[in-house]
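Input: structures, listed below.
Shared between the two complexes below is subunit A, which has subunit B as its partner in the first and subunit C in the second.
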Partner chain A sequence: MTNMLLQIKDLRTHFFTESGVVRAVDGVSFDIAPGKTLGVVGESGCGKSVTGYSILQLINPPGRIVGGQILFEREKNGRKEVVDLLKYGARSEDIRQIRGNEIAMIFQEPMTSLDPLFTVGDQLAEAILVHQKVSKRSALDRATELLDKVRLPQARELLNKYPHQLSGGMRQRVMIAMALSGQPKLLIADEPTTALDVTTEGQILDLMQSLQEEFGMAMLFITHDLGVIAEMAEEVVVMYLGRVVEKTDVRTLFDAPKHPYTRALLESIPKVGHKHDGPLQTIEGMVPSPFNIPQGCPFHPRCARFMPGICDEAVPAETPLERSHTVRCYLYSEQAEGDRYGNPA
Partner chain B sequence: MEIQLNAVPHADRPLLEILHLKKHYPVTRGLLKRTVGYVKAVDDVSLTIYPGQTLGLVGESGSGKTTLAHSVMRGITPTAGSVIFHDDHLGPVDVASADPAALRHVRRNMQMVFQDPFSSLNPRMTVLDIIAEPLQVNQIAKGKAAQERVAELLQLVGLRPEYMRRFPHAFSGGQRQRIVVARALALNPRLVLLDEPTSALDVSIQAQTLNLLKDLQSRLNLSYLFISHDLGVVEHVSDTVAVMYVGRVVEVAPTRKLYQQPKHPYTEALLSSIPKPDPTRKKRRIAIAGEIPNPANPPPGCHFHPRCPYAQPICAHEAPPLREVTPGQFAACHFSDELNLKGVNDF
Partner chain C sequence: MTRYIVRRLLQFIPSMILIAFVGFVIMELPPGDYVSNYIRAQALAGNQDMVAQEAALRQQFGLDQPFLIRFANWTINLIRGDFGISLATRMPVSEIIGSKLGATVAVSLCVFILSWAIGIALGVYSATHQYSKTDNFLTTISFIGLGLPDFLIALAFLVLAWQLTGQVLTGLQSPEFIGKPFSIPLLLDFLKHLWIPVTAVVVTGMAWVMRVMRGNLLNELGKNYVTALRAKGVPERTVIWKHAFRNALHPLIGALSQTLAFLVNGFVITSVVLDLPTIQVTYLDATQAQDLFLAGTILTLIGFLVLLGTLVSDLLLAWLDPRIRFS
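Moving on to the complex of A and B:
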């Protein structure tokens, strides 16, 4: 295994609801190298957030991780070891050691991630005290340092403020400060700038990039915004209905996308600075109900390159193209995936 | 001071003229509710919309975009200024001061579409009831005739008329937004105010909705006021774009000009902030410090001066008027002529 920080192999997270089983994540695999950024892009319901939550085992019933491996390289007593996070129980001491410390996470809406009844200082100090054996006083000093790091002015005064006294951008900076408190090796960012205004979004993206360099952490960047992906990610996975349909480096994704879904997605966004009067390319129909995922390639009912008798039979296998580029589509390989849900191999 | 916004050359006369529109909310304090100040949500805004054209309105949250749209409809009564709607029958009507009869008539010609199609449809009404409601309220059609009109409208927005007896929950977000559009079009309006109509939708659905809106515009000769924070979407749909900052319009220009040769530093900052879907582009963002000021207590002079990289002493005490910098392009900056600002493709 060549030096990967995180390897997800065949992750399956399903939700067992009264109306049926939702296979929110269904056989997802990807790797993240230390210090690098992997972008996960897809429309709502594609399973990108559930993938992020699964890494930290933050899946609540009726959801359950039903299969796969999440291999994470840890340093313990000066030695590197690779552990499968899914071997740890969701409530185990081991996973709690990792959560918020070695792997941190930030979310879309910073207001709901902060407790309105506690000051910023209390909440930051709490995050530090959970993982480090220090006094409350030095935790608050550390909190001040962290607020400086995320470029919040007057950090001392800010410690005594409540979340409602801060703007959306400031709250997201506080969340980032909190995430950095344990000097994580991996930061999972779930749509961290979606709720922010565009100038604030720009500031936060710049901040995250410079902090990533400074702390040498890897990022899993989940977003639906292809512009943000282009700026932040080095490698990208495109998800559709719980599966990775294409995986490649960011240049190739935008220059030479292979999967018809990726192509259509890229063409359907209005490109700023390139105004034209014609209609936008669209993807026919809509994302199917998660209870009723089409047989075969799940994209086939909307696909412009649909091949009857092939695409609607079995799920296409993940096909390696050049370098790290893989795609799940019968245009590139006839190979189907034999899986255990009744689809023929 | 009269502002003529001949942003795009027109043979037509304007459909809607917003003139020096203001909406100020008093800030009160104490037991006696003494007024201690005002939130100037919309502060002296003048804009013009031409028949069959789209005016895009961009700005960050709190800039007054939505307040402006609601004031145009007189959902909110403006504090001052006028909103002249050029009606086919009544001639020019000032919506801001119209009597109830004229207002009712003019409002038929102006409709709104909101951001969230999940909260703008009553879950207990069928699609038929929802779309027929404006027809019944205005005593235009009922019963069979209304049903036929609803079927026609559903077809117009690309939905199957057979679905008219279903409830909103049976539809996806994109389909619901089509229902909202069908309802807005029920009375054959001339102007549709679209407030973030695609923000709640996925990218692939957004493209379908934008295409639908453009198609309807050319078929029905509709005018749009298109509000969005997404600069890519606004560029795609708009003929003219206005940029708002803390209640004021800082720049208004034909779309290409505004995006390629902006004349206000805030426009430039916005254009540089957009994450562009092109990984080869150099990331040269104009670092603008700080955040949007509180509209209850905006900085004096030009509201943008504390964040502006080009600010001079004069900017702190004198508010620059909106003036024509190049033909059809208006900006509110003391230094529009001197500054050589970058366009969206220069970053």
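Moving on to the complex of A and C:
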């Protein structure tokens, strides 16, 4: 466990709505090593994006981070120190200095992630000026370099363009350039290519990989697309209804998935070269209402290997298999969590 | 940009003619005209001699001409800067309007500046502190402001002031100061009267600005770019004032188009209730008396201010929003 860049421990982010509490993230733990890419995969509503937003405390009311730790290893004055990001207030100067500087983020909707009233240059320069004491002129020079880095042609002219004059792919490149401005140690990418067409998606993914190498940053890559996971991630976390159900490296995920949910997810992808009769495999049933998460293993109502009296009683504990592979399923261990909210016994 | 402004200004001309024409037609709709009303009133008062002069009077005012000719004559004179005379007072229309304009603009400007400044400030506070005690309190106040008509609030203030001081603060000046040259006591007396209409109209105006500001800012604060700004480490104050606030100004600037006209046409009933020497009361009286040229001129003035207000608000929107500027 030594030398981890970011360690999320038992993170809980709940939304206190008028119709009840949504436990969007309910006891999530995982680590990210420096320079590596961790993929977080799951269906919509499984809490993967909320996990990403929680790291930088970008949760808006009625959501609130109610528990856990997010330990981040940073270098301050040449000395390494580990800080708990959740100790900082969401509006504090401490978290502000980390946002966009040591940990940056890019988003699912490049079309709406830029302020429509300011030029690309203004917004890039702003990202630089809020963290570095430089002149506006040198910030704009740096902005031009960054636009070159994300392979946008005619960077100089682009500085004076407004967001509505750019395509979705171009805007996402601008967002990436902005994220790179502080040379972050970690980039959180929340479904960065979901809103883009397939050709653009490929280009953006290639770009992100080469920039990751150049900048030596770690990435938390959030997506529902297993294809993208295969291309981008080294380690993978599979989430279901606010919990991590399986954690492993990307090879094992595709070669030897353990959790019935992971297996079902993989079976629902069409495979090239496999002749397959009949309709595509789908997962039985619907994702349960977030207000009414099933007792026990949250996946049991849809699970093909449901064991009555076991799976619907208590949440299974996180069971280590070989190497870094862990899974939460009674097929591999009889151990349950301390209580049904997942507090360790 | 200059060409755009010139083109818009040229479009004013046909619009103005149309506004004046429709106004004239509406003035003609009730039976009779100013002269027949006047003669009837004189006859009722026992002045039967006037009846014989009806035709002469009508000829004197030019009311015997066909409608279109009357309209054409008036329009041509208007362009020359001659607004005609008020039939009721026989005074030049320009003189009447001129004498009312000062008081009207004084009250309206106070109302406008205060209700927008207070409304925007409270709206931003409310939105950035959503569901806090202060927000709930301000929201309640704004609904009361929206629900109560301004003339009722004015009446309540009037009664309150009377009960506390024994003074009836109607109008904008005490009788002893009317027509006197400027002095410090005169100014104090003016301010003593001014607060009633201003406060009453500001309560309702501010409530509206506040609701719009709060709603829009909340809408903007929920958008992705705000989260993206926070994620890049922009301080919250900058996120709100430099980014979300400017985006939220859109509908308020749109509403600005009505504001110039409001300056001479707003709070009519309050003006009547408080007996304010404002142009809106003159307009109301002139319409009731079929005082054709006076009413027509004021209507044209209001129409002009609506057009000008729309142009100003369009230009402001273009300045604010590149998406409008480039299309």
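Note that the second predicted complex is superposed on the first by the 334 of 345 C-alpha atoms of A that agree within 3 Å, B and C clash if a C-alpha of one lies under 4 Å from a C-alpha of the other, contacts with A are read in each partner's own complex, and residues count from 1 in each chain.
Everything below uses one rule, namely that a residue touches a chain if its C-beta (ideal position, glycine included) is under 8 Å from a C-beta of that chain, and two chains touch if they have at least 3 such contacts.
Just so it is clear, the structure is predicted and the values come from calculations on it, not from any experiment.
> Let's test your reading of the overlay: on subunit A, do subunit B and subunit C clash or fit side by side?
In the arrangement built by aligning on subunit A, the partners subunit C and subunit B fit side by side.
> Taking the superposition on A as described, I'd like to know which of subunit B and subunit C A:206 touches: first, second, both or neither.
Only subunit B is touched by A:206; subunit C is not.
> With both complexes overlaid on chain A, does A:131 touch subunit B (first), subunit C (second), both or neither?
The second partner, subunit C, only.
> Output check: A:271 vs subunit B and subunit C. Expected answer is one of first, second, both, neither. What do you get?
Only subunit B is touched by A:271; subunit C is not.
> For A:97, is the partner it touches subunit B (first), subunit C (second), both, or none of the two (neither)?
It touches subunit C, and subunit B stays clear.
> Touching A:162, do we find subunit B (first), subunit C (second), both, or neither?
Once the two structures are laid over each other on A, A:162 reaches subunit C alone.
> Kindly classify A:26 by the partners it touches after superposition: subunit B alone (first), subunit C alone (second), both, or neither?
In the superposed model, A:26 contacts neither subunit B nor subunit C.
> Give one of first, second, both or neither to describe whether A:60 is in contact with subunit B, with subunit C, with both, or with none.
Once the two structures are laid over each other on A, A:60 reaches subunit C alone.
> May I ask you to decide whether A:235 touches subunit B, subunit C, both, or neither, giving the answer as first, second, both or neither?
In the superposed model, A:235 contacts neither subunit B nor subunit C.
> Aligned on chain A, what is the least Cα gap between subunit B and subunit C? Give it in whole Å.
12
> Per the contact definition, I'd like the list of subunit B residues that touch subunit A in the complex.
Where subunit B meets subunit A, its residues are 60-61, 172, 174-175, 202-208, 210-211, 214-215, 229, 231-233, 235-236, 255-256, 259-260, 269-281, 283, 285, 287-288, 291-292, 343-345.
> Considering the complex alone, what residue numbers of subunit C touch subunit A?
Spelled out, the residues of subunit C in touch with subunit A are 130-131, 222-225, 227-236, 238, 243, 246-247, 320-323, 326.
> Name, in rising order, each residue of subunit A that touches subunit B in their complex.
Those residues of subunit A that touch subunit B are 43-44, 167, 169-170, 197-203, 205-206, 224-231, 250-251, 253-254, 264-266, 268-273, 275, 279-283, 286-287.
> Provide the residue numbers of subunit A that touch subunit C in the complex, in ascending order.
Listed in rising order, the residues of subunit A that touch subunit C are 53, 56, 58, 60-61, 91, 96-101, 104-105, 107, 109, 112-119, 126-127, 130-131, 162, 164-165, 175, 178-179, 181-182.
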